[in-house]
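Read through the structure below, which is laid out as structure tokens, and then see the notes.
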Amino acid sequence: MSNEDRISNWQLIKNGIFKENTIFRLVISLCPSIAVTNSVKNGFLLGVAVLFVQTMVNTTVAIFRKFIHPKIRIPIFMLIISGWVTVVDMVMAAYARAAYKEIGLYIQIIVAFASILARAEMFASKNRVCNAFFDGLGSGLGFLLALVLISFFRELLGRGSLWGFHIVQAKPMLIFILPAGGFLAVGLLMAFFNWIDMRFYGGKGAGGASGH
Amino acid sequence: MEAIKKQHELVVSVSPHLKSEETTSRIMWTVSLSLLPAFISGAYFFGPRAVITTAICIITALLSERAFQKITNREDTISDGSAFLTGLLLGMNLPATVPFYIPIIGTVVAIVITKQLFGGLGYNIFNPALIGRAFVLITWPRAMTTWMKPDAAFMRFDAISAATPLGILKEEGLAKLLALFGDKLNLYTELLVGHRAGSIGETSVIALLLGAAFLVYKRYISLHIPLSFIGTVAVIAWLFGGKEGLFTGDPLIHIMSGGLMLGAFFMATDYVTCPSVKKGQIVFGIGCGLITMLIRLKGGYPEGVMFAILLMNCFTPLIDRNLRSKVFGFMKKEAK
Amino acid sequence: MSLLTFEGGIHPPGHKELAEHSPIVDAKSPARAVIPLSQHIGAPCESIVEMGQEVKKGEVIGNPGGFVSAPVHASVSGKVVANGSFPVPNGRMVPCVVIENDGKEEWTTLRDSPDYMDLSPEELKEKIKDAGIVGLGGAAFPSHVKLSPPKEKPIDTVIINGAECEPYLTADHRLMVETPSDVVAGLRVIMKILGVEKGFIGIENNKPDAIEKMQQTVSGENNIEVKALQVKYPQGAEKMLIKSILDRDVPAGGLPMDVGVVVHNVGTAFAIFEACRYGKPIIERVVTVTGLGIMEQKNLRARIGTLISRLIDECGGFTNDGPVKVIVGGPMMGFAQYSMDVPVIKGTSGVLVMSAAEYTPSEKFGPCIRCGRCIDVCPMGLMPSMLSLYSEKGHYEECKEYNLFDCFECGSCTFVCPSKRPIVQLVRLAKSQVKP
Amino acid sequence: MTAKDIFKITANLVVIYVVGGLLLAFVYAKTSPIIFLKNKQEKEEALQKMMPNADKKGIIKLGDWYPHDKDAEYFVAKKDGKIIGYIVQTFAKGYSSYINILFSVGTDFRVKKIDILHSAETPGLGDEITLPYFKKRFRGKDLAHLKVVKKPSKEYIEAVTGATISSRAVTEDGVRKGLEFLIKALKKREVKHEQ
């Protein structure tokens, strides 16, 4: 691996986390980001599962990218995704019972996450294995970060706890663990990210911000 | 001739050169004024706590609006009275006994998130006061559904909790309600006067009607929304409200209890969030009435006015888009 | 009699009392008359006079530039001293002929016809055309064009518009009170030209003396009726007037003739009578000079081409507080002036001098609070709120979805708007940006 | 599409299926016994918790029943061969979900313990039915006293404040119906035995 390659890989990871953050910048996969983020634990666990699936899918797609016929690439991507998700599901059920009980229900839904298919189609199918791996890592980390951030706010405000430990004595703001509060939290965080982008990087803001 | 031109600095502007004296701030302040009777009755029945709660709302509303405008470098508009009105309405929609952080957070949500983040006055999709109330109701359901027993002892700070008439009707039925209030006539009188548990500003039907009549007289609100709203509630209460089958319900109880009067006359008619064409306003009112009664009779909450108005707020753009005013001479042309 | 009306409309303060009781007096003949060659809707006239040429009162100085056009006549006798562009009340620079008054007041030969009612419609129309008559209510549409409807549109009713719904103005009012028979005679000429059996005179109910006078004049004639109208702006708009009197809806984008109606202003009817009877062209018209900013409010019969500064002088000049705004036309649709050196033209119905007391500053406007007042008052049933929002954001094409071109800019929406939004201005902007 | 394309697509699919299938088969072979064992173990533990003094392997399934059309089971618990109580799984229709409940009764048909296996009631309100303070209120209640009241009460079940619907569901739709069913079912069995 040349020196330049390493820099670009680092760039890929950074891109995935900040510039092309799945939830806050690309505004896709919002459903899971609201469904599972009512506690940091859930958010973190699902984020890790997604990180793994994303990385593996990207790598697999990149490996097979020259072999896959373009006409059936989407079904094949889906097959690859569902294969890896099933692996995660079974492994968790066998070896991580406690975690599985918390988020088992959501693991299988990872198949339908737009973000994973999007990265496979947008990036992995056009790039070398190594780059695809790092891109998967980056966007998976970005997703993980987003979920943890959202769930951090929601659990802190909604339950007064973090990772299940009570830390705030005041009456919690229940709405934040309800779906409505999820939307609110995502919206506010997105606004915050946009503000940072506009304030410090001169961006125009993401999601629907086209035109005036 | 030259002299005239030199002497006088003339104003040149486009027509029309006459403008009515109505201004946005005058409307807002007048609506606030029309809420005064209901507020006084709330203060009378629920004591100083009611005044303090409402005052907190108003002060928070003014401060948060000013703060937001300062941060975002926008023009200072707190003198237009809309923030004051939002604070007042929110305060009157809360139980008197809520802990003080509830009005503060509710008002901040109402002003900052519901109104200012959407672009300020005129651009909000939802009624700010109602979103503020929905937020705190969902967030602290217990505190928001613990009602104070109305008591005319003016300087009392302690409070005995009591259920609202609608709560009793939902949980224990009409018989229990009648047992509590004596007979039906007495129940009606108490509801009319406002001697019952409920939010600060929603209890006194007479006071609310007084304010509403003033607004109607001043032509600040039209009766399209209130009448279709209340009418729908009455019809559905009569049809399905009774335990003994169709046509046995008591519409009067449903009309005079809960937040219907306050909602129908002062919240559903909020200019920004209701349809602006009369046809659309009737549809809006009927929709509000249907959802209110659906929630009251079938839902988990005893009261549904707030959610009904908020849900219909979502439909306002759709209604406005599809039920436009009839353009002069347009139907004729199409018929030809 | 129940009062006739239409849906929508507003009730601005009338202020008719300022001038309604002052009789029409002749204004002094101007030392110089600045006569624009384009005083009407349609093709401008071509000048047929040269510098230094002597002209007499009533002599044609501009020939019509097409069918939809009307000739322009000299309003004073004297010498042509200039031939160039001068500002006119609507703010534009328009080619004008300037005549230096020699004070002789010599008329050119006029074709008097005492038996004018025996003339054929075509001859009458020719007389009207030659007299350069245009709609004197303000729109200045050449009258002979209105009197020549296409064959496929039969006309069955003529309405004389005496509503004069614009606040302050009283010119038509005074005409009806002082010369009712001439106005009715004008109506008869119009009815004859169009071959119409039914004529109406619509007058707003705030002019009871005019209604009474007109009723006396037409009493005993069953084909002409005087109708009292509710006092409401814009009662005098053609479409609203037809709706009020006949309950007919002029189709959107259509003309009164689409529903078999022709509407003429009181002043126009008067001018038509004078043209047919005496062959007199339009060289003068009644102008109301009013407002609290002027010493004496008067109804003046002023020569076309008189500068409004002269009219103001004749009314005693400005009051001591001074004028804040000078408007040519009514306060709802008139034009604010930056100079007093603009001439009275055929469409000039009034000069309004607003004092500080009457003036509403058009301060900065707020956001639309969607109160719906503008929708309630729009006589055309439009949604001015939506038009103004779209126009404000530059979405001009979307304005068309909200019937942009049906707006006739009466200004009712802008009058009632509590946020003081310049709705009419935004509508005009949108109109200029898109094609119908 | 040429024959070559079709061939390539077929090959694509075959390879992906084979590779994926192999991977999944491998993982499945490794994990499924563990999952099965753990599931069984967890269920036994849960039942044991409901009836701590029963023998190991002393809780035996009696049969299935179908509250709200859902599969549920009921068990008998024995100690030293003697019946000491029963455990019933039941479902109740709550405010926003079906509440999956497990409860144990002694031979006197008084409730010993209840547990909420799954519920999705309103967080902060309805989901307080899963908290110990509410579950404790069931101890020692018999059929007649499984009734929700809104006042503080030792005799009956006091509702969770602000969550009457959820409390009522657990008490009346869940436990009481389950207990009624159990008594009926046991009677039926007795009749069968005697015959």
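Letters A, B, C and D mark the chains in the order given here, with residues in each chain numbered from 1 onward.
As a convention for this text, a contact is a pair of C-beta atoms (placed from the backbone, for glycine too) under 8 Å apart; a residue touches a chain by one contact, two chains touch by 3 or more.
Keep in mind that this is a model prediction, so the values were computed, not measured.
S.K.: For the pairs A-D and A-B, output the one whose chains share more C-beta pairs in contact.
M.R.: Pair with more contacting C-beta pairs, A-D versus A-B: A-D.
S.K.: Just by CA atoms, which chain is the most central one?
M.R.: B
S.K.: How many angstrom lie between the CA centroids of chain A and chain D, rounded to a whole number?
M.R.: The answer is 33 Å.
S.K.: Return the distance between the CA-based centres of chain A and chain B, expressed in whole Å.
M.R.: 41
S.K.: Nearest whole angstrom, what separates the Cα centre of chain B from the Cα centre of chain D?
M.R.: 46
S.K.: Taking each chain's centre as the mean of its CA atoms, how far is chain A from chain C in angstrom?
M.R.: Result: the chain centres lie 70 Å from each other.
S.K.: Can you list the residues of chain B that touch 2 or more other chains?
M.R.: As it turns out, chain B has residues touching two or more other chains at 141.
S.K.: Where in chain A do residues touch two or more of the other chains?
M.R.: Expected reply: 174, 178.
S.K.: Hunt down the residues of chain C that sit against at least two other chains at once, touch-wise.
M.R.: Residues of chain C never touch two or more of the other chains.
S.K.: If I apply the definition of touch given earlier, which pairs of chains qualify?
M.R.: Contacting pairs: A-B, A-D, B-C, B-D.
S.K.: Touching residues of chain B toward chain C in the complex: what are they?
M.R.: 1, 4-5, 7-8, 10-20, 22-24, 26-27, 77, 80, 119-123, 271-272, 274, 276-278, 324-333, 336
S.K.: Residue numbers of chain A touching chain B in their complex, please.
M.R.: 170-171, 173-176, 178, 180-181, 184, 191
S.K.: Taking the complex as given, what residues does chain C use to touch chain B?
M.R.: On the chain C side, the touching residues are 10, 12-13, 167, 239, 243, 249-254, 307, 309, 312, 318, 322-327, 329, 331-341, 352, 354, 359-362, 366-373, 375-376, 378-383, 385, 402-403, 406, 409, 411-412, 414-420, 422, 424-425, 428.
S.K.: Spell out the residues on chain D that touch chain B in their complex, using ranges where they run on.
M.R.: Chain D residues touching chain B: 95, 122, 124-125, 150, 161-162, 164-165.
S.K.: Any idea which chain A residues touch chain D in the complex?
M.R.: 38, 64, 67-69, 71-72, 76, 79-80, 83, 86-87, 90-91, 93-95, 97, 158, 172, 174, 177-178
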